[in-house]
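Common to both upcoming complexes is subunit A, partnered first by subunit B, then by subunit C.
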Partner chain A sequence: MNETLRRALRIPLNLALLLLATLTLLFFLVRLAGDPALILSGESSDPAVLADIRRHLGLDQPLYHQYLIFLWQAIQLDLGASWVSGQDALSLALERLAPTLTLAAAAIAVHLSLSIPLGAFLGATRSSTGTLGRVARSLDGAILLAQGIPGYVVALMLIQWFAVEWQIFPSTGNDGATSLVLPALTITAFLAPKLIRVLAVNVQDALQDDYTMMARAQGAGETTVVFRHALPNALLGATALIGTQIANLVNGIIITETIFGWPGMGRLLLDSVLLLDFPVVQAVVLVTTILVFMANQLADYAIRRVDPRIRHA
Partner chain B sequence: MLRLERLGTRHGIVIAFWGYRLSRSVVQVRGIFMASWVGLLLLTSCDSNSIETQRGASVDENIIRIASRRLPPGFANPAAHTGQPAVDIWPAFFDALTYINADGDVIPWLATGWTQLTDTRWRFELRNNVRFSNGEPFDADAVALAVNEILLGYGARDLVRTSLLPTVSSAEIIDSHTIDIVTAEPDPLLPKRLSQFYPLPPRYFAEVGPKTFARKPIGTGPFIVERWEAGRVLMRANRQSWRPPAAAGLDFIEIPEPIARRQAIESGQVQLAMYLAPEDITDLKQKDIEIRQAAEPRLRMLVFVVREGSPLASREVRLAMNHAIDKDSIVKYLLSGAGVVATQMGVRGSEGFDDTRQAIPYDPQKARALLLKAGYPKGIDLEMDLLVVTNTDRAVFEAILADLRDVGVRVKVNTMEFERWRAKLLTGDWQHDLFSFTVALDPLLDITKAWQYLTCERPNTPFCQPEISALIDQRARTFDLGERDRLLQRAHDQMMVDPPVVLVHEMEQITGYRDLENLQVDNLMIRWDQIRKRTRSAYE
Partner chain C sequence: MKKKLFRISLLIMLVLMAVSIASPDLLEAWANERDLAKRLLPPLSSGHLLGTDGLGRDVAWRLVVGAKHTVGIAGLATLISAGIGIGLGLLAALASSWLRQVLDRIVDLTIAFPSLVLAVTLVAVLGRSSFTLALALGLFSWPVFARVTTAQTRGIVSLPYVQTARYLGVSEWRIAFSHVIPVIAPTIGVLTALQFATLLISTAGLSFLGLGPGLGVPEWGSMLAEARAELNRAPWLLIGPGVAIAWTVLVMNYLAESLASRLRVSNPHD
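Right, the complex of A and B next:
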């Protein structure tokens, strides 16, 4: 069996193990959060009512029994119905998937479009003595500062400027392309500084290497040296970071969706946790786990593609 | 004005192309780059429904966009919710049998009148010539179906049954527009409770069942739900409704963050923003946003958990803490006037509320003297479980703690998240001396909701005062309104001299609006049938 086939076969096995571990951990963790019967019964704390609700939800069964039933149903992709709305939990999660993926794709596009050129520019110019060097160093300081600003604050500042003051972009809901701009910029704001700084250092190092000196000696212009020779090598080191950032995007998306009223999975997760709606929490986490796993696989694939040393190792 | 929302699929293709061209210069990551741009293009293309809807909404001048704090998680499942957030949106398409107006009075709605036949049997006369928005007639069958399904059928374990109408045992149709509702035990509040109980259209409900009904509800109200999406509900006018609306449609958008709701109304993206924060009032008024403050049936208090040997067992200590807090300043400065000082265990409009009753006055000297008299010359140390949800909550509690510290009551605070706090409230499992409590008296403006956590019958009650408990229990079983009032006033009189809580303030609901007229708010509910747009929004 060749290596590619073996690797391909390992992917579903790894996913299955990851899902088993995640769902098991989640099953026990959410049950530590509280008693859903207390939420569902409202202000009634009548023990008979509470017992009836627990019996109806299967919460009166021993924990291992609940766990086995849950696992068996999860294998059949049946995560049950929401305890609050009665709707199918997995359908509720999948209904929110498209807006979340839209936002994630927009954020990644904006993030990479800004970070890569900016990182290359900073790496190429931060040590120069002229005006460009001063601009680059100022930008460097600003990016360092931006890295410390919480995403929540960035979001509110963007809304205030672009929606309230200048009225260029909407700040609420999912009304198509323009609604994406501010949430995508918010996510970019907490992803970009790190990537820009890593790229800048990598480009700066690459520009000191022999192959870039050789390119210059062969008469290549500085732009060509930076973008055709230094940047591709600098990106080797940054690809792993990009992969991690994509996988961790879910953290930023929860906050962003809440502030911008974006109807994605992050908000559904937050609401379901507050209501102790276990089936929906489990469905959202299941979908998110698969997404993160896929993002990691893509990042691995990208690293193998761009780095011949890993590809041929 | 730049109108980027006019971007369509064609523009998307051009953007994606240039994005890809740009990515080509960055040779090694073009895969990720291209995938993200193409993915974005595909997903925004698939998302064209909401773009079209938005265009439609902005073209029609009389569609009102509303920034809502939260849409009901149970959608329009009439068994799943009472109070907020359902009352924010459901009355736009559902009607109940009764209605509670701004004065707290229960008035006819789909029921034109009612009579109590026996302690446990009530007869309701139903409104004639009312139809559901799908054309089905509203009659006794619709009410009977709601009782059989929402209370005794699929919703038997849901909130409306367990929390609002636990006593209803059956419905008996007398004729097409008369129905008897029977309760298992006497319930003087039944007409009030029915203000949150919505009849079902029999034919449609039988056809679609409860799950589909929750996503595609049919009611007799002024609007028809066109689409219930994640985070958004679109409605169009129901011109055949018995209370036809002035607006052509409503477009509810869920915006959980109060600052974002404020920014949405400031920028003109919505014409109405619900539940704004008190600190925004002055600023928004200066920006020509109109503000409507309406009584919100919520009462903020600190509840004493009294155990043997605790300093709080002393009546003087509890009185001292009531005298120590400057509630007027809290309302004036921290709430920007969006509230009133609490004088009793009820809110304006609730049954038995006494307008003449005065709050325990702010008097730090007297508070210190009372502590001295109780035998605590060096003050006392207490521990409090605190629930903080908003910035306003934080500011109010900081002021309260500072006032208490000034007279010698040092309070150590344990903040906790809502679910833990709520579980403690329902089980009575309090470990410390005090807990913060904002009691919601909606939807019924029911004063007993505040008392129910303090009665001696409640397991693990934080503080059992047998005399007050007996008065409240007696009131709950009394039908005569005058007698109910007298019993309540006696309980309140007792509470003024031997307080089980520190009453702080009543709250107000703050609604911001622009370019709208005829905004009326009754007991949290906006009269959606009356509201209409004044002019086209400048932003649109």
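Right, the complex of A and C next:
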């Protein structure tokens, strides 16, 4: 209990450190981009206008002063206004939170409900003789190949077939559940091959273990042995991978949202980056950093909950 | 059979890379030659093995020249990533206790960063070019190298022969270079191949999003972006760059796997 408490107390400390590091990084990154006043004023470089913008943004102050002001405002949740629309940057980012989380949840659901049964099937049948074994082995080959195909290529193929040729699902936008299908499948394509392969190996190993032998000896059918006895242990061995995958989901999401025009934070990031709208970029990076941190903590917690060997290590 | 296929693939890849690096001017000219009368020709058209793109440029030559850009950027990113990661990893394992703690903290922090998000931001800040893309990807992907290096080094440093070297007064630098690096080299080699494959996917991905060396450069990711614009009329344009990326990634994954089994190291990613 004492250990748990200490662990829990360290979470806010770690988060604070992470946020400080991120804010510092962001502050200096934006200063590297050159004079914000020049970016803001666009092509017109009337010195009077420039001086005005500089004074308005506090750019006439010394650098350390600017940095402290930036930190102080960030603590008060003020990341400035968008240089393009003038709206509050943090609210702009938070508006996109719900679509991104929806997409993430859908993607995780599709990913897990596809990978877990497939991994179990492959692990159970890959070494068997007969038709089932042959099917499993060709599926193995297909998954090996799929591991090399990046998600964005899969996305374009999905658009070509499902949106252009067959017109089953829309290729862009956000109207209802149907527009979630292709983006969720794309993110699954980024993640599934690896998890399926790991699960298959784990299931295969578990099926050689004494406890599955025991279950068989007691008369359990092969399906029961695979799904009730081998799969739970195989999943236990894959929790760390699943955790990392969920924490790294954001990488796939940026690309996917941009391809499908999904109105989430990834697309906002890319749009703002291309417009050099740095307050919005900062807000998005900050919110994603917090999300990734929380995902990591949750994964860590989940692994400790399900695996006593780690909890007591 | 699989082995033979892999060896042939690796050979073809090396030859293509050599061709693409060795005669840049002539090849770039072929790859960028526009012929608006011959736009969007399908594969196997006369004179154009893989057809032509929306500006009538030859897809096959663009893929060959693209190898230099895509593989080059991913390679440079891998070098940067490995350099920082191995350096800091060694330092974290061999340094005095306070520096060690600081470095451990930095690695923990950086692992929790959304790497691609920061890479996108850095590319936007520094301006789009091949070098900035490689730099951005390298700067935010080194923690894997640091973690593996530190873990391995700590294991080796506690072994009797390194302890003996220490008692004999051998400096930490010498220990690092003559006792640690040779032992961890196989693991790092395998990790490098895997990381190269990952960074290649990110390179083409960011370039696909418009953060690469820019329009007109026949980078595989930008070629995909151009293919996307013509998806209605010429869906086959996806195949070339898609296969090129997937093939390189698969060869690299297989290289990592065969290195691992030959050098008897476990896969550092698992």
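Heads up, the rule we're going with is that the second predicted complex is superposed on the first by the 294 of 313 C-alpha atoms of A that agree within 3 Å, B and C clash if a C-alpha of one lies under 4 Å from a C-alpha of the other, contacts with A are read in each partner's own complex, and residues count from 1 in each chain.
The definition used in the following text is that a residue touches a chain if its C-beta (ideal position, glycine included) is under 8 Å from a C-beta of that chain, and two chains touch if they have at least 3 such contacts.
Bear in mind that the values here come from a model prediction, so they are computed numbers and not experimental data.
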item: Simultaneous placement of subunit C and subunit B on subunit A, clash or fit; value: clash
item: Chain touching more of subunit A, residue-wise (subunit B, subunit C); value: B
item: Which of subunit B and subunit C A:236 touches, first, second, both or neither; value: first
item: Touched partner set for A:164, first subunit B, second subunit C, both or neither; value: both
item: Touched partner set for A:156, first subunit B, second subunit C, both or neither; value: both
item: Touched partner set for A:258, first subunit B, second subunit C, both or neither; value: both
item: First, second, both or neither for A:101, with subunit B first and subunit C second; value: first
item: Touched partner set for A:125, first subunit B, second subunit C, both or neither; value: neither
item: Which superposed partner A:33 touches (first subunit B, second subunit C, both, neither); value: both
item: First, second, both or neither for A:281, with subunit B first and subunit C second; value: second
item: Which of subunit B and subunit C A:145 touches, first, second, both or neither; value: second
item: Overlap of the subunit B and subunit C footprints on subunit A, listed as residue numbers; value: 33, 156, 159-160, 164, 258, 274, 276
item: Complex interface listing, subunit C residues touching subunit A; value: 105, 108-109, 112-118, 120-126, 197, 201-202, 204-205, 208-211, 224, 227-228, 231-232, 235, 238, 241-242, 245-247, 249-250, 253, 270
item: Subunit B partner contacts - residues on subunit A that touch it in the complex; value: 33-35, 38-46, 49, 52-53, 56, 82, 84-87, 95-96, 98-99, 101-102, 105-106, 108-109, 112-113, 116-117, 156, 159-160, 163-164, 167-178, 180-181, 227-228, 231-232, 235-236, 239, 242, 246, 258-264, 267-268, 271-272, 274-277, 298, 302, 305-306
item: Parts of subunit A lying in touch with subunit C, wherever the complex brings them together; value: 14, 17-18, 21-22, 25-26, 29-30, 32-33, 144-145, 147-150, 152-153, 156-157, 159-160, 164, 198, 250-251, 254-255, 258, 269-270, 273-274, 276, 281, 284-285, 288-289, 292-293, 296
item: Residue numbers on subunit B that touch subunit A, as the complex places them; value: 1-2, 4-5, 7, 11-12, 19, 22-23, 25-29, 31-33, 35-37, 39-40, 43-44, 46-48, 50-51, 53-54, 67, 70, 73-75, 77, 80, 82, 154, 157-159, 162-164, 166, 210-211, 214-215, 229-232, 253-257, 259-260, 263-264, 266-270, 418-420, 422-423, 426-427, 449, 452, 458-459, 539
